[in-house]
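Here the structure is laid out as C-alpha cells; the discussion comes afterwards.
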Amino acid sequence: MDVVTFGESMVVFNPDSRGPLRYVHTFSKSLGGAEMNLAIALARLGHSVGWFSRVGDDEFGRFILNSVRAEGVDVSRVIIDKESYTGILFKEWYYTSNPNVYYYRRGSAASKISGDDIDENYIKRAKILHITGITPAISESAAEAVFKAVEIAKRNNVMISFDPNLRLKLWSIEKAREILLEIAKSANIVMPGLDEAKLLIGKNDCREIADYFLSLGVNLVAIKLGKEGCYLKNKNEEVYVAGYKVEKIEDTVGAGDGFDAGVLSGLLKKLTLRECGELANGVGAMATLVKGDIEGYPYWEQLMEFIGKRSKIER
Amino acid sequence: MDVVTFGESMVVFNPDSRGPLRYVHTFSKSLGGAEMNLAIALARLGHSVGWFSRVGDDEFGRFILNSVRAEGVDVSRVIIDKESYTGILFKEWYYTSNPNVYYYRRGSAASKISGDDIDENYIKRAKILHITGITPAISESAAEAVFKAVEIAKRNNVMISFDPNLRLKLWSIEKAREILLEIAKSANIVMPGLDEAKLLIGKNDCREIADYFLSLGVNLVAIKLGKEGCYLKNKNEEVYVAGYKVEKIEDTVGAGDGFDAGVLSGLLKKLTLRECGELANGVGAMATLVKGDIEGYPYWEQLMEFIGKRSKIER
Amino acid sequence: MDVVTFGESMVVFNPDSRGPLRYVHTFSKSLGGAEMNLAIALARLGHSVGWFSRVGDDEFGRFILNSVRAEGVDVSRVIIDKESYTGILFKEWYYTSNPNVYYYRRGSAASKISGDDIDENYIKRAKILHITGITPAISESAAEAVFKAVEIAKRNNVMISFDPNLRLKLWSIEKAREILLEIAKSANIVMPGLDEAKLLIGKNDCREIADYFLSLGVNLVAIKLGKEGCYLKNKNEEVYVAGYKVEKIEDTVGAGDGFDAGVLSGLLKKLTLRECGELANGVGAMATLVKGDIEGYPYWEQLMEFIGKRSKIER
Amino acid sequence: MDVVTFGESMVVFNPDSRGPLRYVHTFSKSLGGAEMNLAIALARLGHSVGWFSRVGDDEFGRFILNSVRAEGVDVSRVIIDKESYTGILFKEWYYTSNPNVYYYRRGSAASKISGDDIDENYIKRAKILHITGITPAISESAAEAVFKAVEIAKRNNVMISFDPNLRLKLWSIEKAREILLEIAKSANIVMPGLDEAKLLIGKNDCREIADYFLSLGVNLVAIKLGKEGCYLKNKNEEVYVAGYKVEKIEDTVGAGDGFDAGVLSGLLKKLTLRECGELANGVGAMATLVKGDIEGYPYWEQLMEFIGKRSKIER
Amino acid sequence: MDVVTFGESMVVFNPDSRGPLRYVHTFSKSLGGAEMNLAIALARLGHSVGWFSRVGDDEFGRFILNSVRAEGVDVSRVIIDKESYTGILFKEWYYTSNPNVYYYRRGSAASKISGDDIDENYIKRAKILHITGITPAISESAAEAVFKAVEIAKRNNVMISFDPNLRLKLWSIEKAREILLEIAKSANIVMPGLDEAKLLIGKNDCREIADYFLSLGVNLVAIKLGKEGCYLKNKNEEVYVAGYKVEKIEDTVGAGDGFDAGVLSGLLKKLTLRECGELANGVGAMATLVKGDIEGYPYWEQLMEFIGKRSKIER
Amino acid sequence: MDVVTFGESMVVFNPDSRGPLRYVHTFSKSLGGAEMNLAIALARLGHSVGWFSRVGDDEFGRFILNSVRAEGVDVSRVIIDKESYTGILFKEWYYTSNPNVYYYRRGSAASKISGDDIDENYIKRAKILHITGITPAISESAAEAVFKAVEIAKRNNVMISFDPNLRLKLWSIEKAREILLEIAKSANIVMPGLDEAKLLIGKNDCREIADYFLSLGVNLVAIKLGKEGCYLKNKNEEVYVAGYKVEKIEDTVGAGDGFDAGVLSGLLKKLTLRECGELANGVGAMATLVKGDIEGYPYWEQLMEFIGKRSKIER
C-alpha cells in the first residue's frame, strides 16, 4: 500500500441553485471528507491506497462505502457502526466565496473512531500515513486514534504526512494549536494553507513558516497559496510554483486535498520538488473545475495533459 | 384562537425516485411535523390557529417558521434557539407501504422545548389545546412542557385534544403506554389509530377501545381506520363513517394529522358526529393525493366538493 | 389535402408534481389545442393535413408554429399577429380526475381569428373540413370565421366534421346549445362525448342521440364513451366498439381529439364503421399513455400493433 | 408600521436555461413586483412593513399572498378579487444583459386597484408611504389610488418615498413624464435610476438631477448608478458611494427595489447619508447574487457582514 | 469465490418521461447487463462473486467498472479495451408493457470478448459458473469464450448455471436454439422463462419443459412464471412457488437476473427447493420496485423481511 | 431555393453538469450537425434552404427530421434508412475549453449517403450548394456523393460554398488534405478556421492563406478568427472585421456554422464584404450565448439589434 489514511467522510447535499437554503427546492447528493478525498485523488493517479472510517449502518453509510470502493481504494478496514448514524452536511452558496456549510455530524459514527480501530498491521505496511487536523477535532477518541496511528507509523518507519486542515467550527484555536503542532512534530511532511499557518504559528512569510516546521524535524513543507500556486521547502532547496489558471471555478472544496495528493504522488514517484509542486497545483486546479469534492480529480494522463499544454489540439 | 398546539417540525427531504437512498441523486425539500400539520390543515379550513416550537437559528429553522407563517398560522410564540439546530429527516420509498424515515433530530432545537416555553396566557385564550404523543417522547423537558400545558388547559377550561401518535423509534412501548395514558386521562378528545390503540391498551374492537377511553373521562373518541374510514363514539352515540376512495395515493404521511383537523373543525363548527367523521375522512384522503405532509390539505370549498360529488362537472 | 382545420392552439405548462399549483416549483412546456391535436394525430397516421390559426409574434407563437410544422402539418396559412399575444394555460392535477386548467387566453391572437382569415381556395381543396365547438366560443369574430368556413365547405362539397367540444368556461350552455346545434345541422360527421350530448340535447341513450343528429341531416354520428369505447351510427348501421384497456393513464387530455382523428382516418381509408371505431378507440387510448396532448398519438404501424396484439413479442 | 406600500405582484416563471423561450423546456416559479420586493427587503432588515394589492382568487394569487406573509410582511389589507386573475410573467435570458420579459397582466386583479382600496387608517399609522411609478401606469383606477394615497400621506405627515420605475412597455414617455413628475412633487424622497432620470427630465448629471428634484420640494434624492454605486443629495450635503463588486451576477431584477429598501432602512435608523448609500448599495448588490427578485435580500447581520469585510474568515 | 460470471454490461439511458423518445428531453444514466445484474444481486445477498467483461477505455467503461466494484464484486479480470467503445442503450416506455430498447452495441468492447480472455485459474476456483444466452449471441468470439469457459468448468467440477435469455434482436431463433441447447446440455442448472422455453423447445407445460432439460443431464430446472412465481424441479422433487404481489411495478428489467441470483443463493446456502423458489421470487419482485436493473436488489435482511411479513410494524 | 446542403446530423446528449461523464447523472437531448446547423441558421435569417441526409427509422431519426422541418427548412429529400441507425454523440465539459465528444456514429444511416442520393434537379435549382469537409470524411460513399454534388453544381452554375471543417478523429491529416483541397479547387467560397488552414496548407498568415485559395480559383475566402472576428478577401478587396464581445459563453459548438451562414446571407443579400463579415461575426457570437448548436441563432431583426447597439434600451 502506498498510502493509508483515515477520517470522517460525510454525505454532501449540494443546493441546485445559489442563495439562502430556505429558497432552494432541490439538493443533489455527493460525498466529501478530507482524507477520503486524498485517498481517491491518489487512487486515480495510480497509487494503491487504503482509507478507513466508521460509517453508520444506514443508506448513507453504504453510499460512502460503495463510492470509495468504486474508486479502487481499499476499504477493508471500514467499520460499520450499528449504533451510530452517518454524518451529513449541506452546502450553501450565497455571498461568501466559499460555501457555507451546515453540519449534521455530532455523535456521528465517525466521531466514534478510537484507538481500538487502529490496526498496526494495516498501517505498518504502508509507505505513507496521511493525517489531517480534522480527525483530532471531532472527538476525544478520534484524537486518541490519531496519536496511536502516528506512534505506530513512527515505530515502523512509515512516513507521516500531515495537513493541519484547521476547522474553527470544531474546536478553539488554542486547543487546535496545541494538538496540531504536537502532530506536526512527528510528521515528515506538513502541508498547511497560508491562512492556517498564520493562525497556527503567527507567521506570514512562506520561508519563515517552512523554517518553523523544518526546525521541528519535518522534512518537507508544502504551503498552499490558492490561485497563486504553492511554496515547497525541504532541507536542501526551496521552490515557488505558480498556479494554473482555470477559466471557470465551479467548487473549491476538495482542492486542498487534491493538492496534498499531488505532493504525495510526486514524492512516491521520486520527482523533483518543482515537479511535486506542479502535480499538486494541477490536481488542486482540476478539482475546482467540477462541482463536488472528488469528481474533478484527474487520471494521470489527464493531469499530464492539463499541466502540459492546457488544451487538446483536436477533438 | 380556535386551536393552539405545539411540537417539533422538521425539514423533510423527499427522494426524487423510489428505491434505496444510496441510488437516489436528488432530494426535494418540504416540511413536516404532526402538530404543525394539524395547525396548517385547520388554518386552511378557516380556523384561527397558533402553533409554536423551537427552531434553530439556521436556514432550515427560518424555512419552517416562514412556511408556517405563510399559511396564516400564528407563529408569534415560536422560539429561535441560538444554541441548537433544526431537525431534519429523509424519506425512502422502497418495499414497505409507508416510507422509511431517517431522522437527524437528536438534540434538535425542538427537543429543548420545556415548561418555560409554555405561556399560560397564550393557551388559555384558545378553545382547544391539541397535544400529540410525539412531543413527550422527544425529551424529558418536552414531556414536562406537555404536562404543564395540559394542566393550564384544564385549569382554564380549554378543551384538550389528543392524538397518541405512538413512535416506537423514540421510546419503548412501556414508557409510551405510561405517559400516553396519563395524558389521555386529561383529554376531552382522543384520536388514536386502530393499530396504536391495540399496542397501547391491548384491544382490537373499536367499541371496546372507545369505551376504554370514555371510561377514563374522555368525551369523544375518534378511531382512524385508514382506507376503511373511521369510528367515532361519545357518551350519546357512535358512528362508523366509510372512507373515501382515492385513485392514486401519492403519500400517506400527514393523513392522520389531517384527519384530526377534520374532527376538530367539525367540533368547532358544532356539526354532528357523522359530519365530523366525514370531514376527517375527507381531509385525510385529500392529504394522500399530494406528495408531502401538508400540500394536499384542502380549503373548505374544496373539501365540500370532494366529499360532495367527487368530480367536477366541467372544466 | 385530406383534412383542413383551424382554431386556437396554446402553450401548455404542466406542473412537475401533483397538487395545488402554489406548491409546484417547476413546470414543463408543451402545447395543446383541439384542432391542432387532431391535425397532428392525422398527420402521424399518414394523412395530408392543414391547420391554421393566429399566433402572437412572440416566442410562444413561434413555438406553436414550429411544433406543428415539425409534425408535417401544413402551416402555410398560419397568421402571425403583431398586435396580440399567444394564449397559454396551466394544468393542475389534484383531486378531480381531469386536470384543472388556468387559462391566460382572453384577447389572445387566436381569439382575433375572423372571417377575413378564411381562404376559400385553401378549404375547397380539402376532402374534409374539421370544426370544433371551441372556436365559436372564443370570440364573435372566430364564430363568424367558423360559419364562413362551413358555408365554403358546403358550397364546395367538402365534408364537414364536427366535434362539439363543449366548454362551459367559455360560454353559457344556452348560447353554446344555440350555436353548436346550428353547426351540427351543416355537418356530415358529428362526434360528441356522451356527457356533452346530454347537456346539449338532453338525451342519455346513444341510439337516441345518434338519431337526433341523423335527423338533422348528419351522415355519421360517433359518440365517445371514454374507457367504455364508442358507439357509431350512420343511416345503414350502428356499431358499439369496446375500448382498449390501458395499464396506466398518464393524461386524458387530447384523447378526444385523437378519437376524432381515428374516425376521420378510417373514413378517408374507406374502412368499415367498426374499423373506424377501432382506430378511434386506439388513437384515443394511446393518447392517454403519455403526458401531453399530442405526444402519445401513434404512427399507423404503432396503431396497428396496439389494436392488434397489444404487446410486442420480443425486444 | 415603519413602511406601507402597495402595487402589483406577479408570479414569475424563470426559464431553466438561457436562450429563446421556444427552446426552453422547464420553468421555475417565483414571484416579483417592485413594491412587494421593497416590502420584503425591509422586513428582512427588521422593519415592520405592510403591503397590499389585489390578487386573483386562484392558485397564483394564493401563492403571492402566502409568500409575502411568509416573510413577516403585514398582508391584512390584500384584497382577493373574485372576478379577476393574477398576473404572471416569463423571463428570457438571451442576448441582452437584462432579461426579456413577457407579461400576462392586462386586466389582472392588481390592475383593478382603485381609490376605494386605500384605507386612510392603514396609511396614516405608517412612518413612510412608498410609491413606485409602475402602479399609476397599470390602469386609470390604480393611478387614482396612488394619488389618493399620496394625498392621505401628506395630510397625515407620513413621509412619501418615490421610485419612478419608468416602464415604457406600459405607457408612453409623455404620459409617464406628466404623472411621475406630479407624484415627485409630493414626495419627500425620490430614488430614480440614472437612465430613467435622463428620460424623465433630460439631464445627465447627478447633481443637476438631484437639484431638479430638490427644487420641487423633495428632501432627499438617491440616484442609482448600477455597478458604480449611487449618488445621494439632500439640502445639506451630497455624497457619492461606490458600489460593491460581486463575483457573479445571477439576476439584476430586484436590485433597484433592494436599493430603495436600503435607503429607507438607513433613514428609519437615522443613519448618515453615506451610511444610507452603503446599505442601499449592499442590498442592491446582494439581490443580484441569487436568481429571483427577493431571494437575495439579506438579513441585517448578513448585510453588515457583506458591506463590512466581504468574506467569512472561517467555515 | 462463490460464483463467477461474464458478459456485456452497458450504460442505460432512461427517459425521464413516458412516450416516444423524440418528445423526451432528459435521460438518466444507469447501467445494466444480465450477468452483471446477477453478480450484483448475489453480492448484495452476501456472496463472493467475480464478474468480467471488456469495456471501452472511455467514461462509460469507467462508469461500469466503478459501479460494479462499488458493489463489492471482484472486477480484477475486467479488460479495458483501448480499441473499442462501451455499448449503451436507451429505454423507451410507451405502449408495450416492457420497455422498447435502442441498442448502440455493435462492435462494442464486450463483443470482442474471446476465448483468450478466459482465465482457467479464475473459473476453477469458483463454486458456480453462470452463463447466459446473451453472450454467445453478441459475437462469434464471445460464443467461443462461452464454450471455453463451460469446458473449463466441467473439467474442474465447477457447477454450471445457465439462463437462456433468448434475444431475438441479436440472432435468429434457429441459430439461438442450436447454441443454447448445446450449452444447456453441459449445464447443472437451467433457468428459462416460460415464453423462452416455448420458443426454444416447443413445450408449454412446466413439468414437460423441466423433464426435457433433466433428460439432457441438467440437475435443476427453475422456470420463471413472471407475476405467477416459479416452478422448480430436480431429480427428486418438484415445487411451484407463488409469486409475491407488489403494489407498484416500476421496471421489470433485471427481475429475471435477480430471480437467478435467488436460486443460486439458495443452492449455495443448501436451502430446500421451495426456499430457493421463495428467494428467487423475492429478489425478482423487489427488483421491479425500483427503476433500473440493479437498484432494487435487496440485502439479505431486507429479503427476509420482504418474503416474511411484507410490512414493517413501526417506523 | 437559396441554399442546398447535405450531411450527417446527430442527436446530441448534453451533460447536465460539468466534469467526467461517469459522475453525470442526467443528460439533455438536442441535435447538431454542421450542414444542418448552417441550414437552420440561414432559414432563421429568412432564406429558403434545403437540407438532406439519411436518418435511421428510429425515434432519433424522427427527432432530427421533425426538428429541422420545424425550422422551416425543406426536408423533402431526407431519406429514412430502414437498415441503419441514427448517429448520436455525448458532450463532456471538463478541463479543455471545447467539449470532449464521444461519438456513436460508425455505420450510421448518414454514413450510407452515396451518389445515388444526390438529385440533380434539387441541386441545380439552388443558388448556392454548401459542402463541409465532414461529409467526405465519414465514408467512401459519402465522399463520392460530395464529388457528385460538386460536379452537378459546377455544371449548373450553382455557387459552391465550402467549409473544410477538419475532423482528425475521422481521418488522417494526409487523407484530409488531399480530399479537402480537391474540393476547394471547385469552390467559389472557402471558409476555413485559422487553425484548420494552418494544418491544411501550412500557412499562418491570413492574407497568405486567402491568396493560396484565391490562386486555386476560389472567389471569396473568409477566415474565422474565433473571438477576434474574421478576415475576408476576394479578388478586389480584403477586410478584417473585429468580433463582438459576449458576456458569457455557454457553448461554442455551432458558432462556425453560424458564421458561414452569416457570410452566405450577406452574399445572397449582395452586401459589402465588411457587412458579410459583420453578419458572420454576429451569428457566430450569438450562437455561443445558448447551450446547443442551433438554439442561439438569431432571427434577422435580432441580429440587426445585436450588431447594432448590443443592448435593448428598455424592457
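Structural remarks
Per-chain residue numbering starts at 1, and chain names A, B, C, D, E and F are given in the order in which the chains are listed.
Just so we're on the same page, a contact is a pair of C-beta atoms (placed from the backbone, for glycine too) under 8 Å apart; a residue touches a chain by one contact, two chains touch by 3 or more.
Quick caveat, the model's predicted, so the values are computed rather than measured.
In the contact between chain D and chain F, the residue numbers used by both copies make up under half of all numbers at that interface. The equivalent interface to C-E, defined as the listed pair sharing over half of its contact pairs by residue number with it, is B-C out of C-D, A-B or B-C. When chain centres are set by their Cα atoms, the one at the greatest distance from chain E is D. The chain with its CA mean position farthest from that of chain C is A. As a whole-number value, the distance joining the C-alpha centres of chain E and chain F reads 45 Å. Each chain gets a centre from the mean of its Cα atoms; for chain B and chain D, those two points are 40 Å apart. One finds 46 Å separating the Cα centroids of chain B and chain E. Those residues of chain A in touch with two or more other chains are numbered 20, 25, 66. Across the interface of their complex, chain D is touched by residues 13, 16, 20-22, 24-29, 58-60, 62-63, 66, 85, 88, 92, 102, 104, 106-107 of chain C. Of all residues in chain F, only 66-67, 69-72 touch chain C in the complex they form. Chain B makes touch with chain E in their complex at residues 17-20, 23, 94-101, 166-169. By the touch criterion given at the top, residues 247, 250, 286, 289-292, 295-296, 298, 302, 305-306, 311-312, 314-315 of chain A touch chain F in their complex.
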